[in-house]
Each structure stands twice: as structure tokens, then as C-alpha cells.
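Note that chain A is present in both complexes that follow, paired respectively with chain B and with chain C.
Moving on to the complex of A and B:
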């Protein structure tokens, strides 16, 4: 019986399952991004401090994440956490942990760069007005740094979304893993199904990431 | 940590190390060529072609390498294009990297100051001469930081080749873990192996960036 390959997407609950898989990828990306941004802001602030030791330590932290590929990072958390620390988390939470740490490292560098490019006189004006460290950060540095770091942050978000494609490697039921199951289950009836399923996933990633990268580019050009 | 486990696994890792280097070398070389050509075509706004290149760059940059590889390796055979895993990996890396390189070079070319181009025109240079002697040289120097970042990014991306069973570094480590369950040792070697490749490169690019900074004019 000849079936057109595209119908594999709508056979049974296939489409809903793919969307469910996409949802897993999206919430892991979103949660990791939120945790990573908060942690990264703190680390970025610490990196502008004068303490040499703290700065060196945080630089090493950043360089570690720059050198180790994200796939390897996932496996480090996946294997070492249960074995060395006897922490047994579901794979999804391990992924959130690995991604959050990675995002925090990358973001700390963005924050440091933005904070350092806020003009010194802004800080001094704040001090002259009698602001304390917290007020200075909250009302002077943060709002100005935020605008400077926005394009790079959105760029980082698109990278986090793309990196969720690696979730299948630690057996998380993300959109690609679901896609593989659908392909295998329908291989007999839809031999060209593989083309359509991967094509759809390719397209799904594109429609999530393309608007974000456009936005980031537009913001960069406006500066 | 058991050092004998590590020393026994070293021959496997050396093979994976060589393969990672080789695939990165070919893939990044191809990506640089694709990047230079497509960024020049975009810079001079060659009709129709520059549109197609823009579409290619956006598609490649906004989708994960993993799904690009799956498409090449699993979906293309269905329509009659069969290829080995190594070929799929290299094509994937060139597809992804070419787009990133193109963006980087285009940024450099656009950064060449207007006065330089106008001076060239005043000297009576035609488009080709302008491209060759003014835009290309200065733009290349300006795009060095982007080039460096892309090279390092692409080398790290080769770790994703493990999903189509190319026995590069990451795949080697995962295979060994699957066979002997010594995850600590093998992951340690894996991280060290990437550090051996990337740390000297990072230092080299830092040095190179400082050198080519003198290659720019007019600012």
C-alpha cells in the first residue's frame, strides 16, 4: 500500500506527541535560562569586584564551560552526580542543572562586559547622591547594563534552544526522541516518514529560533 | 580514579583525538571557504544569489547541528542520497560553519570604513580591485575575533558527531563507558583531550588578534 510520507505526522496521536516532546524541550530551555541568568548576574557582579582570588576563580569557571562541549557537560552531570554524590535526579533535572551552570558562565561574561561599559561618571554621580551599593546597582548599573546586554542575552537564548536537541542523548523524551520513536514505529507503512518527521523538527526549531535571532540583530543595529 | 584504566584506554582516545582533529580541520576549512564566498556575494549584493545566501545563513544558524546531521544521515538516503557517517558529519559542519563564518566575515567587511572605500574609488579602482585590495584585506583583519570564536565553537560542535556513530572523542568515551562502566576515568580523559585541543588554540587566537589589530586602518 502506498502512503504519502507526510501523513505519518498525523497518524494517531503522532502530532500531539511531537508537540509534547517540543514542550519538554521548551520548558527545560526556559527554566535553565531563568536560573542561569540569575546566577550569571551574581557571578558577573562578583567579577567586577577587586578581589583577585574571586576573579581568578570565576574566570576559571567560565573557561571550563568554554572548553567543555555541552554534550560532554550533560554526560558529566549525568554520570558523576549519581555515582560520586549519590544524588539521583530525573534526567530532565540533570539537564536543567547542566544547562543552568553553562548559561550562568556565559552570562557572567556578558554581565561583566556590560557593567564595565557603563561610564564611570554614572557610578560616581550615584555615589555623590548618597546611594549605597545596593541602590547604585539597582537604580544605576542594572538598568543601563540591561540594555547593553540584551542582544547578547537573546543570542544566548537561541543557543540554549538549539542545545536542547542534545537532550535525547541522556534519554529525555524531547521532540527528537519522540520523532525517532515515530519513525521506527511507522517504518513499514511510511518508508519516507523519516524525511517528514525530521523535516518538521528542523522547521520547529527554526520557527522558535529565527524570530529571536532577528530581534537580537535588530537590537544590535539600533545601538 | 584508576590510572591503569586510563592508560589502557589511551590508544582508543588517541584514535578519537586524531579523528576529531581531522574532521574539524576539513569541516572548518570548508566552512571558511563557503563563508568567504557567500559573505562576498552578500557584501556586493549580487542579485538573487545574495537572497538565497541570506536564506541559507538563517536556516543553518537557527537550527541545531544534531537535526541537520540526522537529516543528512537518515533522511537523505530515503530520497536516494546515501553517504557515510564521516561525509555526513563533514557536510553538516560545513553547512553550519559556513553560515557562521559568512556572518563573521560580512561583519568584518561592513566594518571597513567608508573613507577607505571612497579613497579606493577615487583612485579609480573597479569593483573587483576594491574587493581584493581594500575590503577583503581590511575586512578579514576586522573579522578575526569572529573567526576565532567560530573555530572554537565548531571544534566543540564535532562532539555532536557521536550521534551518528562517528568514533571521534566523545563517541569514544561514551563507547568505553558503555563497555566498562568506568565513567569517571573516561570522562576525565575526554575533558582533558578537549582542553589539549582548545587551550593552545585560544592562546594562539589571542596572540593573533593582537597582531592583526595593526592591520586595520583609518581608526
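Moving on to the complex of A and C:
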């Protein structure tokens, strides 16, 4: 099997480069999730307030990021921001910015939904015990909301990981981009290499996303 | 008890305004430092010590990444030579056919060396320096159903890659042909092998190389349309780098650099059917 396509994966530094690409995808996704979840919790909290103006503003924010496709967001931060506003940061930071805003918008809705689903009597009991609003939020609402928002959060996290495949559109060397380089560099010598490279990438995404599902299951059972 | 809520709202607003402020500071700083095009002038590049070149990462033999993870190819070798002559380091920004213009306009790269064919439309958007290579479009088809004239393509499907000379030519000059567009060479050749279309159009030098490995196919139309030229491109109005690049290309032509580049990067790929004179422009004095 001198010309089996699987050899493509192990020639030279190909395998290490794919791993490097995966690392780029993973750290961008992880950092965006951390920033996005913190910001999203805050925004979700604000959305349960009575102030109409704040609620409308945040609703517009949510709808903007929910409606605009992620690839358009990436183009916006990578090409339009530098041209119009001279914000010229490395592509990876622009990607983190776009992803964080997107995650925070989606997560704010998850948090809002979860907070509103906590039964009213829980809140009233807290108040009857003499808790102030912060204590109520910290000790009564948040722990119960956390459990309610868990499945949707994990779903969002896996979506973010998968969406990193769009990063190649703004010249980031993510795992798909590296895969494509390898495929194109070898398509004359290993025409079947394309299946192996994409097969490996499929597997890599799986081993990143699967532990998230497991984690979600464990957390749900613990509560 | 509502005071605490107000505090939270206030805190959030403070965080938001700090974020907005930081953004606007980031906004302002680069504007002051590099008003528009000075960013990519020769002086600015020398000061920075890095020439940022937009190249392909997936187009052997022009710009690609070899198995050791090193960027190589005909365009890449030119980029390295240019950086060497300017006395700076080179940094590559990988692009695809569609975002070559935007990469320049958004100051992501100083110069594009990515198999960039001069066309009247593109000249509106960027400034081309002196060309360093010529190409013509060829059409490859199965030997059993050979296409030898453009008129045979009327009403049939033809495969092209987005943003290439071939796409440009058939879109503007041959409106009767319906095009099937792909993003990369691998995709377009796979589509041809799977019988998705009657033929495939691309740079003829590339097709000669491909049919050698795929003997069931032949380059039925060797050349359609006029000769077209591939040149470095800089952002519109960047005369400093444009002039420098023109001088550099003239100098490299005199030195016969491009024949050497051809022999090193393209010949192993194209084989003996393609001669240096098919691709490179006149070398020597």
C-alpha cells in the first residue's frame, strides 16, 4: 500500500500541524466561551429587570447576533472594522471578539429563560426569610437556574466549537485550513488523502465535543 | 432592597462604558499613527522590519505548504526574494481567491503575490505592479467526449474555480456557458472526475500538469481569450511600494530570477511539456 491515502497524515510534520490547528480552534472557542458566558450571565440578569429601555436594548442586541450569520460577523470584524475604524488587531483576537459577543447574546437569552422559570414561591420564600436581592440571586435563583440552563449551554458550547471551522474565512490557521493545505499539497501524489484528512478532522471535533456532552450529563445527575 | 439592583445596573453600565472607551481608544491610536496608506509605504515596512505578503496556502506549485510545514512555491519564492532585497523579514498572510482585494484594503497585507491576474475590473480596486508571469486559459475534457471549440460548450456545464482568470473570462466573454464554481483545485478536479460537467477551464499550464497524471483527459482547447498577466498588487494609491516593486521586478528580470524560480518551483510539477518561456516573461537585458 505504497500509495494509501492514510500516509498523508503522517508525512513530515503534517500530523503535528493538524494538532496545532486544532489547538487554535480550541483556545479561540474556549476563551470566547469564558468571556461570552460571563457577559451573557450579566446581560441575562439585566433582561429580567423591569426597566423597559434596558430590556429593549438587550433584546435588539440578542436579535442582532442571533440573526446575523457568524461568517458575516467574522467578515465584519476582520475586514470592515479595520477599513472604517482602523481597528487592526490580529485575526485571532478579532475572532474572539466576534465569538464572545455572539455567545453572550445567545447565552443572555438562556439565562433569562432559566431565571424566569424558577418557581415564584422560591423567590417569595427567600424574601420572607429576609434575604436582600443579591442574596436571593446568589443563593436561591442562580443555583436553580444553573441546572435549568445547563443543557442549552452545552449545546451552545458544542456549536461554538463547530463554528470555529469558519475561522478559515478570515485567514486563521484552524484545523480545517491546515487540513485543506495538506490536501492540496498532496492531491497529485495521494488523490484519496482527502478522505483521510477530513476523516481525522471529523474525529478530532468529536473528541473535543464529546467530553462536553459527558460533562453535562454528570452535572445534571449530581444536582 | 432595590438599591442593590441599581448597583448591579450601574456596575454593568460602568463595565459597558469602559469597554466602549477602550474600543474607542484602540480606534484612535492606529488612526493617528498610520493615516491610511502610510501603513504599507516602503519606509513604514522598513521601519517595521516585516513585509506582509498575501499568498495562497493551497495552490501548488504557486503558493502552498510542504510536508515540513514550510511555505513554498513560485509566488512564495518571489516574496522571500523581495523581502531579502528590501532588507526585511517576510510574514505570510494566507488568502483565498476571493479575499485578495479585501486583504489589501483592510491593511492585512502590504502586497499580494497570489497568482493574481490583471483584469480591468481588478485594476479599479487595486494597483498592479509590473507583471512577473503570463497565463492563458485552457479547457480540459474527457478524451471520450473531447471539447475542442468554445462553441461546443454552449448550454453545457463548465467547471471553474472562483476568482480565477478562467471564471472571469467565461463570465464576461462567453455568456452562453453555464458555470459550476468551486473553491479549490481539489474540489474542481474531483467534480470533473465525477462527471458533474462537460469540461473544466483553468490556467493551461496547470492543466498540462494535471492531464499527465490523468491520461483519460486531454486539454482539448489549449488557449482561449487573450494572454493574461499575473502581477503583484498593492493597495490603491500606495505609490511608494508600487514604484519599489516595479524597480524590483525589472531588476529580477535582468538577473534572470524568474527562470531560476520556474526551474525550482514549477518544473518538477509541470514536467517537460511546459517551457519556462510559456510562463515567465522575457528575462535578461
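Throughout what follows, the second predicted complex is superposed on the first by the 207 of 223 C-alpha atoms of A that agree within 3 Å, B and C clash if a C-alpha of one lies under 4 Å from a C-alpha of the other, contacts with A are read in each partner's own complex, and residues count from 1 in each chain.
We take it that contacts are C-beta pairs under 8 Å (C-beta built on N, C-alpha and C of every residue); 3 or more make two chains touch, one makes a residue touch a chain.
All figures in this text were calculated on a predicted structure; none of them were measured in a lab.
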Is A:68 in contact with chain B, with chain C, with both, or with neither (first, second, both, neither)? first
Go through the superposed model and pick first if A:76 touches only chain B, second if only chain C, both, or neither. first
Could you look at A:202 and tell me whether it touches chain B, chain C, both or neither (first, second, both, neither)? first
If you stack the two complexes on chain A, which partner ends up touching A:30: first (chain B), second (chain C), both, or neither? neither
Taking the superposition as given, does A:194 touch the first partner, chain B, the second, chain C, both, or neither? both
Partner chain(s) touched by A:132 [first = chain B, second = chain C, both, neither]: second
What residues on chain A does chain C touch that chain B touches too? 79-80, 83, 169, 183, 194
Can you name the residues of chain B that touch chain A in the complex? 58-59, 61-68, 70-71, 74-75, 78-79, 152, 156-157, 159-160, 162-163, 170, 173-174, 177, 183-184, 187, 190-191, 194-195, 198-199, 202
Going by the contact rule at the top, pick out the chain A residues touching chain B in the complex. 5, 66-72, 75-76, 79-80, 83-84, 158, 162-166, 168-169, 176, 183, 191-192, 194-195, 198-199, 201-202, 205-206, 209-210, 213
Chain A to chain C touching residues, read off their complex: 11-14, 16-17, 42-43, 45-46, 49, 51, 54, 78-80, 82-83, 85-89, 91, 132-134, 169, 171, 173, 177, 180-188, 194
Touching chain A in the complex, chain C uses residues 1-2, 4-5, 8-9, 12, 15, 23, 26-27, 30-31, 34, 57-60, 64-69, 93-95, 99, 102-103, 105-108, 184-186, 189-190, 213, 269
